[in-house]
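What follows is a single structure, written as structure tokens, with notes after it.
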């Protein structure tokens, strides 16, 4: 694919949408009072990050970086494999964090009997 | 050897002179006050009899060792002050140890007696004595300030702290201190009012309500010693003033005239004054006398 | 009001991020020519097949080039399970059993799950065994296996997971990973050195030296960890949560 | 082994041993402490050598330990008073708890003071200084419970002082590249003072705190009053003298040894500051300290606090003398420093004896102890006479030198101020004698006995010293003259028992003593013989109040509002106390601090918002932050 | 087998995987294995530190791929110093927490594994030479820290843990964004390579990346507006974990900031930025500590304040300042460690950890109180304890650069520290006893040993600072030698 004169617009829209996802996630974290929603926000932001990762790895006309029998020896453009490897790690870590976050939400709910973050302020100052 | 004999003789002579003069002045004061008040008054030698009478009395009770020591303290102080003041500025007998002390020494030996007195008074356990003492001490702080200011003015002016030197300088230049620095003199004069404790500064003794103040528990020989000591003390202070402000004295007659005139000032002032309360007298000293002292000092510095 | 402020702040952040990404054009070739590799990615593309004998470059990166990352990743998962266990730990009273939040599900779901379960597991195992050849690998395969268990956990209220077995799988897989790494350290001089097992031929199952072995271990481990996490999260006593 | 190390080893080792041995026996701890100080003293004076310097290097800095004639003078105070105070403490502390703790800190204090005096470089000076500070803090709070605020106050001010000093030290190091005090003095004398005023001011602040200089004195009264008296004698006598020691180095060595032609002002904030200006400020601060200390002293009802304020006043004289800096004034200041250690040491010990025997030193509660504790009374009396500066005891010599030094160098108004202070001092001197020993004998004190002999000996020794130095001050002039040669006064003339000023006036102390004692003894013999017979001792109830014998229940005690008239006269001076100012500052700081910590709202979202805000700020201003 | 830096990571990980299996044999293994591992790592530290001081930086290649293609570990005098410090602290804290009663009431297995991983992650951060790998280790630290924070059920641990997690997740988001930008602009993740190539990035982009990293890692390093989690986490985590946070985890965050500024990016103004941020952090934290009623919280704020001072030290940037900064880190680790460990016993039975509950405990718990007092004396910088020297070094470094205001602020802060620490000491010793003797928990023998080790160390370093200064000097040289770092890591490529 050649974006030609639309290069800039494509760049901004691709990255921009991923970034928008991150920002939406952060918005949820900063504004929503429900703990579950906050965790969802974190996951959203994570997803945005993962998208960005994959997007920067992309290159025009690239295929998956796998030297399957059909491509061995042929001059095939492949996308950058590193971001893909990194994003896998990032996903796993994101999963782990979400799991811990959820378990903490459960604990908090049991302890305070509420899931509103602005009511859980026994530690302050 | 001869020197020492002369010294001892001179010292004894000085003490006797001071005693006699002091007691006489006391008697004269009573007389003067009486005449002003339109009374006849006692004979001027009445005080001699008083002392003699007291000396011959037996002391019956004693509250403790400090009471016993108190008269000695005051006597020691009076005599020491006397010893370190030149009585006559070139007298053979009357110069005593005046070369061995100076004004600051005198300033510090003077409270020695009152302090001992105060201790004795304290030992008796009579609250009136203690009240009198606190008043006396407080008042002392009051009048010492203008006094010191004027003394500092003197020292600055003559660049010496020795009384003998001050007298000599005055005699040599022929100008008495009272003329060369009148402000300092006035400050010292006011201080003197407090020092002699005549009205309006007689709250220390306050015979009316305190049963004669610090000395109230003393009687007999103790009181005699105290009386004679304060007579000596009075004389010594007068001599000091004369030395400082009136150019000293050549002979005893001159000395007597000068001291008597000087002595009459507080007496007369006291006659026309009501009594101040302690804090009033303190603040009194810290108004005009203090200002005069400061002016005197600035005068001296310039 | 707070909303507007937050939105404004986030927009500023977004502006600067987009601005920064402007330096990086989407789809540009940043790899550089084979002779002039501009990124490490290019190096991997050019050398992986030759040096590791693995067809899937991403697998090679994950397991070998950046195998240390993966070890860390596995540890993170392991920690997540452990952490979950510690956070939601509850001292059990006498005779008390783990009870799941889920309700008894419909017969349809139960049967469907029972039929699907072996196939899902099979698919998962396939994916992680062939991680070095095809897209996918230990993480993906492990996740698929865990999905199978999730199906069963949802469908059957009384589906019992062997906690012992889970622990064994978890630990052994982890131990395998680290031991292989240590073995590399002993034989080859570096941790995770891919030298003591022959590389094999490209695009065959037995190729890539230690890479498939590790990836299989990872697969088992991921499957066990994810299942464990799901199990813990599902095993909260409903009575504890007050409405 | 080197003398300095051995001395410190004995003292610090003794500290640890007496800490440990407390478990065995409560007496042993004190005895070990005494043995340690005594043996350190003996060893030190057997091996003393002012030219012996030890160099070593630690943590990348060069250290130098040695002894100069100035510090030698102060070792007399520290070791002498230290030995006596430990001897005193054995009995004084006998029935108290935590003796190991007490002696540990006690010896640590003595050791660190010796360390300060040994230090020829700023850094070991500072280290020992801080050890001294915290060990004394630990003793200040020893009495427990109500002392904690006092302790905190002490520690805050010590901290301010010490850190001001530390700041100065590091700035000095940055300039001189050496920690040696001598190097710094050289450096200053070469390059002049401009640009170094801050260092010197900070040093003065540092030393000023320990020597209780206005307005840094507020810790002192209560800290002195609430420590065990055995230690307070050292605290007020020796520890505060470390501040004096430091000030004498700063004010005399530093501020006089530089090129006098140079008076470059720093500009800006430090416009108009020069060496003379600093010294004038310190002189006046010292004088004001003296006056305020005295005024507050005579208000006190607790003898310990009274003495504490009196210490502040006395230190004010000393500092003023040092700041004036003429030969006579410095001599007077150093003489007073030693004398103050002696008589204030004795006084605090005496108060300790009273406290131990009678249970309190509150003058409204006890009185009339003179018959019960005659020796303590004699010690107190002599020390008070010395304190008041009345001849023939030692205090007079110091005062005389100080006054002459001031008058002959033209500080007339200072003289008046100081004189006012010392006259007003008579008031509290009398107060303490009367309040405790004289006046009515109370029922509560009927069973009071004289203090044990081991407490009396040190007190009496100190009292006798005041008398000796009153007649033969030359004994002290010798080391003082040596000390002064170290800080830049060469060839100080002194005589054994004659003091003289630059105008040629003199006071012959032997004549003075001779006169006073002769007259006194003659009068005493006369009166005693005459009154020996027939007088009988009666109780203090047997007095003639208006000719009546007082009844049993009549209240004859006069202790409350003792100097009320005087206090009324000087009431305006009491209005603004530094204490109140500091309290206001403290409260407003407290409020501010409480406000600041509400930043941590407790809401996780707020914290997250902070992150975003911070990020945004950084991003927006990235060009100006990272250009 | 040659001892190499990878042992720091591999051995604990192996142990972590092994522990669940051994736990089935005997519960005691759960407690003992981490100790053995940490003991072994201490041995490794000694060997490697000796090696480093004789032969210079060790750069270990992993998986046989030379950097920048593979991941590498760098054991320089600088990172090695920190790694050894962390190992040592880990060992001491392990000794302390062995059979710590409160932990044994809870799932002990999990505690020891999480604790071991916390240390491993922190050491990994310090040793790794790869920025993404660093991120992974950061997450290891993070997840174990979240779990440890909320370890106790009966407290508000979950709240603290959630706040920590929230900010931690923010941190990972920002760091990942930074990594994305970094990789896409220069195509490498190896730190030495980044250092070599960072000048190729356009300045504006470079600054943006730097900001993302600084904010991200600043959360871990307790920089001011980002440290909301810290007081809560410190106060709610079990005592030994509080010590581990302040002694180990925070150091790792600080290490990254230092690396970013000193090695990775050459950004003008970053040093001043660090000074300013450090000062703000310190001032706010110490001021907040002043009014705390909760002992642990007070220690937490104090800890933040100390880290602020460390930031200042590294912001000054001269060799002396770096030595000071490292010394501060060392001191902070041992002293704050001691304070946290001893305070745990002091407020053992008070769920609110109130300072007022300490009244008179000096009589009931003499040794613990003494050690706490010792720590307090040391942390406010009183000689002859170790805290004094680090502060002195810092002040000298600041004076060298003529940063007078800095000296003044640091010293004013020291006065504030004096106030609140001495308030506690007063409470301990000079107040009436409130608690009954049954209500206090006597420390176990191993807890006493571990605290005593720290106490002795404080005194030993205080009296003879040369024990550590030479190491610190080497470490500072290693940190300043950026070219040497690059050369060491990328040796294969450049040849």
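Per-chain numbering from 1; labels A, B, C, D and E assigned in written order.
Heads up, the rule we're going with is that a contact is a pair of C-beta atoms (placed from the backbone, for glycine too) under 8 Å apart; a residue touches a chain by one contact, two chains touch by 3 or more.
This is a predicted model, so every value here is computed, not measured.
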| item | value |
| --- | --- |
| Both-way neighbours, i.e. chains that touch chain C and touch chain B | D |
| Relative to chain C, chain with the most remote C-alpha centre | B |
| By number of C-beta contact pairs, the top two chains | B-D |
| Chain of greatest Cα-centre distance to chain A | B |
| Interchain centroid distance [CA atoms averaged], chain A/chain E, Å | 29 |
| Computed distance of Cα centres, chain C from chain A, in Å | 16 |
| Centre-to-centre distance between chain B and chain A (centres being mean Cα positions), rounded to whole Å | 101 |
| Separation of mean Cα positions, chain E and chain B [Å, integer] | 78 |
| Residues of chain A engaged with two or more neighbouring chains | 22, 26, 29-31, 38, 56, 82-83, 89, 93, 96-97, 100, 104, 107, 120, 122-123, 125 |
| In chain B, residues with contacts to at least two other chains | none |
| Of all residues in chain D, the ones touching two or more other chains | 597, 600, 602, 604-605, 608-609, 612-613, 615, 619 |
| Contact pairs between chains, per stated definition | A-C, A-D, A-E, B-D, C-D, C-E, D-E |
| Of all residues in chain C, those that touch chain E in their complex | 16-17, 19-21, 23-24, 30-32, 38-44, 64-69, 71-73, 75-76, 78-80, 82-87, 89, 164, 167-168, 170-172, 174-175, 178-179, 181-182, 184-186, 188-195 |
| Chain A partner contacts - residues on chain D that touch it in the complex | 597-598, 600-605, 608-609, 612 |
| Interface residues, chain C side, partner chain D - complex | 6, 9-10, 12-13, 16 |
| Touching residues on chain E, where the partner in the complex is chain D | 159, 162-163, 166-167, 170, 174, 204, 207-208, 210-212, 214-215, 219, 225-226, 228-229, 231-232, 267-270, 273, 284, 287-288, 290-292, 377, 380, 382-384, 388-389, 392, 395-396, 398-400, 402, 404, 407-408, 411-412, 414-415, 418-419, 422-423, 426-427, 429-432, 464-466, 469 |
| List of chain A residues in touch with chain C within their complex | 1, 3, 7-8, 10-12, 14-16, 19-20, 22-23, 26-27, 30-31, 55-60, 64-69, 72, 77-78, 80-85, 88-89, 91-93, 95-97, 99-100, 102-104, 106-107, 109-110, 113 |
